[in-house]
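Listed next: structures, encoded as structure tokens.
Here come two complexes built around chain A, the first alongside chain B, the second alongside chain C.
Presenting the complex of A and B:
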């Protein structure tokens, strides 16, 4: 398998805090990687570094061998990195349809009307079609999370970064989400997924990475990682279901 | 999931009514010289350029997140650019106006690279400092009368027309046309694909980058367009006042404070807001004209109350309660038509 993403000795400090401390990992094309870790472990910071929302203090990031460490986020999006935000960032006063349309159009450089079909299809899959004319800031938190996913999908990513999209979902909704993500994997999309809902993560990912204080705690086959004593300690008895 | 046919619509009943109303207003404005006096025409000229400045500042602060307190830099440059073109280079005034605008745009480009190194409050202060520096430079230029300023030579005025009535008509129509054109420009921009980018930046700058929108390019475009509009207004101000001083040309009160007031009161981040705000501002000004210092104190108090109680201004209150959009920039999907 060819390497899609490589993160090489990347660090990010905020003042005296090392949010991400000399992390390295690779992601193969088509692979799904789960990232676990307590709050404040540096998971979202790592995503912001990969998506280009912030720049690392040290280290390199490559996408398909090309260095992207200092590219602005919009260029990374056009290279195929799509993301959702942990705290949803909808374009609040735009309609749900326009949120997805902006993503589809600007990520691909295509005109608006050429993207309509794709947007309608994605909104249908995300279960937001009946709300497509609503202003995004009138959505409930759960709907906003769906919109995060829909908007990321509309950029037609080859690498999808998902930041806690399963929190608060019912059992049935979790199953739907797992199906959506696994279907995406079937189309060759690679995924990095930060999630606290461990059983959802385990239903999708090939490999698991646990971060604490900006550093790796454990890495490897998901069930083996979850059985790791250090991981169990950090999660204080929260086990994989 | 099976999706039936759908259609994306751009106008609503309210927007069609709004457009009819807008056309009526335009017709009324065209007919004004036939029935109104000089004072009314002068007022409408001023209303027009405040409307243009308000629309420009709304694009800057309301959409691109560029809270500038330095638009007077470009108004002032427009004033002096027009004086230089007409009084010194002997260019006919109606040709000098577009030339001035181009020159202001060329000067705005390097200032953008300075200002764009700053963010948020620093950007606001940086733009203000830039305008102050320009004001001080012009107080030093003896050729323009230094701090006391200079009058527009009479031959420039006569060059437009020997006849005072025709001159006033030309100035009136040019000003009103620029006010209307600015509104139309902003509307068409927001309605276009680029408008989608601009609106996305307004609502979440971080997320706009993550979906492939080049924020820097969009912001730079807004900055330059706003500078061009300010420069254009500057040229008109000289034609209207016939006299210019550095303090008036680069006035932070006239060209920033008043304009910010208009946009905040009317409703920031919409096309309708600056229109409503301009009307409110001129009504308040005429009501409070006789109260001296109380005029500004009242304006300030109203601005503070609106910011606290209705952050989206008067139009925000109306627009969100009734879901009215006079300018249909949104896209509405009609599903399952068959």
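Presenting the complex of A and C:
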């Protein structure tokens, strides 16, 4: 399998705090990678580095062998990196449809009318079709999370970064989410997923990384990683799942 | 009849004030930049029209065909080359820079064109009117200006709510960082916003120059009108801005009907009253927070 994303010895410091400390990993085309770690372990910072919200203090990031370490986030989006935030940040004064439409047309550079079908299809999959014309800031938290995912999908990513999208969902909703994500994988999208809801993560990912204090604690086949003593020590009592 | 006439004249002038305010409103709405040089760009456009008219001997309305694209370009470069570097969480740098621009533009115009008053001549249209009854005459020029204002504002509203560029403006206005994540190049979007704002300003400037005399120092007073119109109308709503323009225009006309020296004062008083009782303006809407 061809390597899609490679993160090479990347570090990011905020003042004296090393949020991400010399991390390296690769992601193959079509692979789904899960990232676990306690709060403050540097997971979201890692996503910010990959999506281009912030620049690393050291290290390289490549997408399909091309170095993107210093590319602005809008160009990374156009190269196929899609992202959903942990806290949904819809464009509140735009309608749900406009949110998705904007993402679809900006990211592809296509005219809006060329994106209508895609948007309707994605909104259908996200279960938001009936909320199409509502202003996004009137949505409930769950709906916002769905919109966040729909908007990321509208950019038609080859690499999708999911930041804690299962948090706060009911069992049934988690199930639906797993189906949506697995269906996505079927279309060849590679996924990096940060999640605290471990059983949801395990239902999807091929490989698991555990981060603590900005460094790798463990990496490998998901169930083996979960059985790892160091991981259990960090997680025991923190996650009931 | 006298009062109806006064109100109609005032309302028609309001169209011009709304045009003044539209560019200001757009820049603030998309970027939270308060452009203190706004009035001076109005005057600059009028002088550009003077140059175009002198060079190629056309009438002011034809000169618009040169001045508008020129100011669009000026706006794009101004944002890309200067104002983008002033933007951030602090609102002070853009204020200081545009204030500086205001001083620079005034002095450059003074140097190039002297302090003499100018006017853009449009022989027939500026005096033509339609007489309704024996006391009511509606000038063709003020009516045309008003119609232009409605068309421009309608066009910008359409752009904001019906086109991808407009959605990019609104998305960026809402949350620039997230918009970037969905493929929006903010710096380009900001530059286009300023370009469109200055294109509108240039239309306002030329129409203003046809209507009345101008000299290099009158920019700040136009900025004040533009501010008042935006505040009266309510932030973020361009139709509100048109209403604000009409209200300011009518207030000034009524003030002037009592005593010619009261026109500006009457406008300020109405502005203060609105600010006192409806601090968010008469028709607050959004695309701002």
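The rule is simple: the second predicted complex is superposed on the first by the 236 of 241 C-alpha atoms of A that agree within 3 Å, B and C clash if a C-alpha of one lies under 4 Å from a C-alpha of the other, contacts with A are read in each partner's own complex, and residues count from 1 in each chain.
Keep in mind that, in the parts below, a contact is a pair of C-beta atoms (placed from the backbone, for glycine too) under 8 Å apart; a residue touches a chain by one contact, two chains touch by 3 or more.
None of these values were measured; they are calculated from a predicted model.
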| item | value |
| --- | --- |
| Superposition on chain A - do chain B and chain C clash or fit | clash |
| Which of chain B and chain C A:83 touches, first, second, both or neither | both |
| Contacts of A:69 with chain B and chain C, given as first, second, both or neither | neither |
| First (chain B), second (chain C), both or neither touched by A:133 | first |
| Touching partner for A:29 - first (chain B), second (chain C), both, neither | neither |
| Partner contacting more residues of chain A (chain B vs chain C) | B |
| Chain B versus chain C as contact partner of A:6, first or second or both or neither | neither |
| Partner chain(s) touched by A:93 [first = chain B, second = chain C, both, neither] | both |
| Partner chain in contact with A:228 - chain B first, chain C second, else both or neither | neither |
| Common interface positions of chain A, toward chain B and toward chain C | 51-53, 72-74, 77-78, 83, 85, 89, 91-94, 98, 101-103, 105-109, 111-112, 151, 154-155 |
| For the chain A and chain C complex, residues of the former touching the latter | 51-53, 72-75, 77-78, 83, 85, 89, 91-94, 98, 101-103, 105-109, 111-112, 151, 154-155 |
| Chain A partner contacts - residues on chain C that touch it in the complex | 163-164, 167-168, 170-171, 174-175, 177-186, 286-287 |
| Chain A to chain B touching residues, read off their complex | 51-53, 72-74, 77-78, 82-83, 85, 89-95, 97-99, 101-103, 105-109, 111-113, 116, 120-121, 124-125, 129, 132-133, 136, 151-152, 154-155 |
| Interfacial residue positions of chain B with respect to chain A in the complex | 1, 3, 6, 8, 193, 196-197, 199-200, 202-204, 206-216, 269, 330-333, 335 |
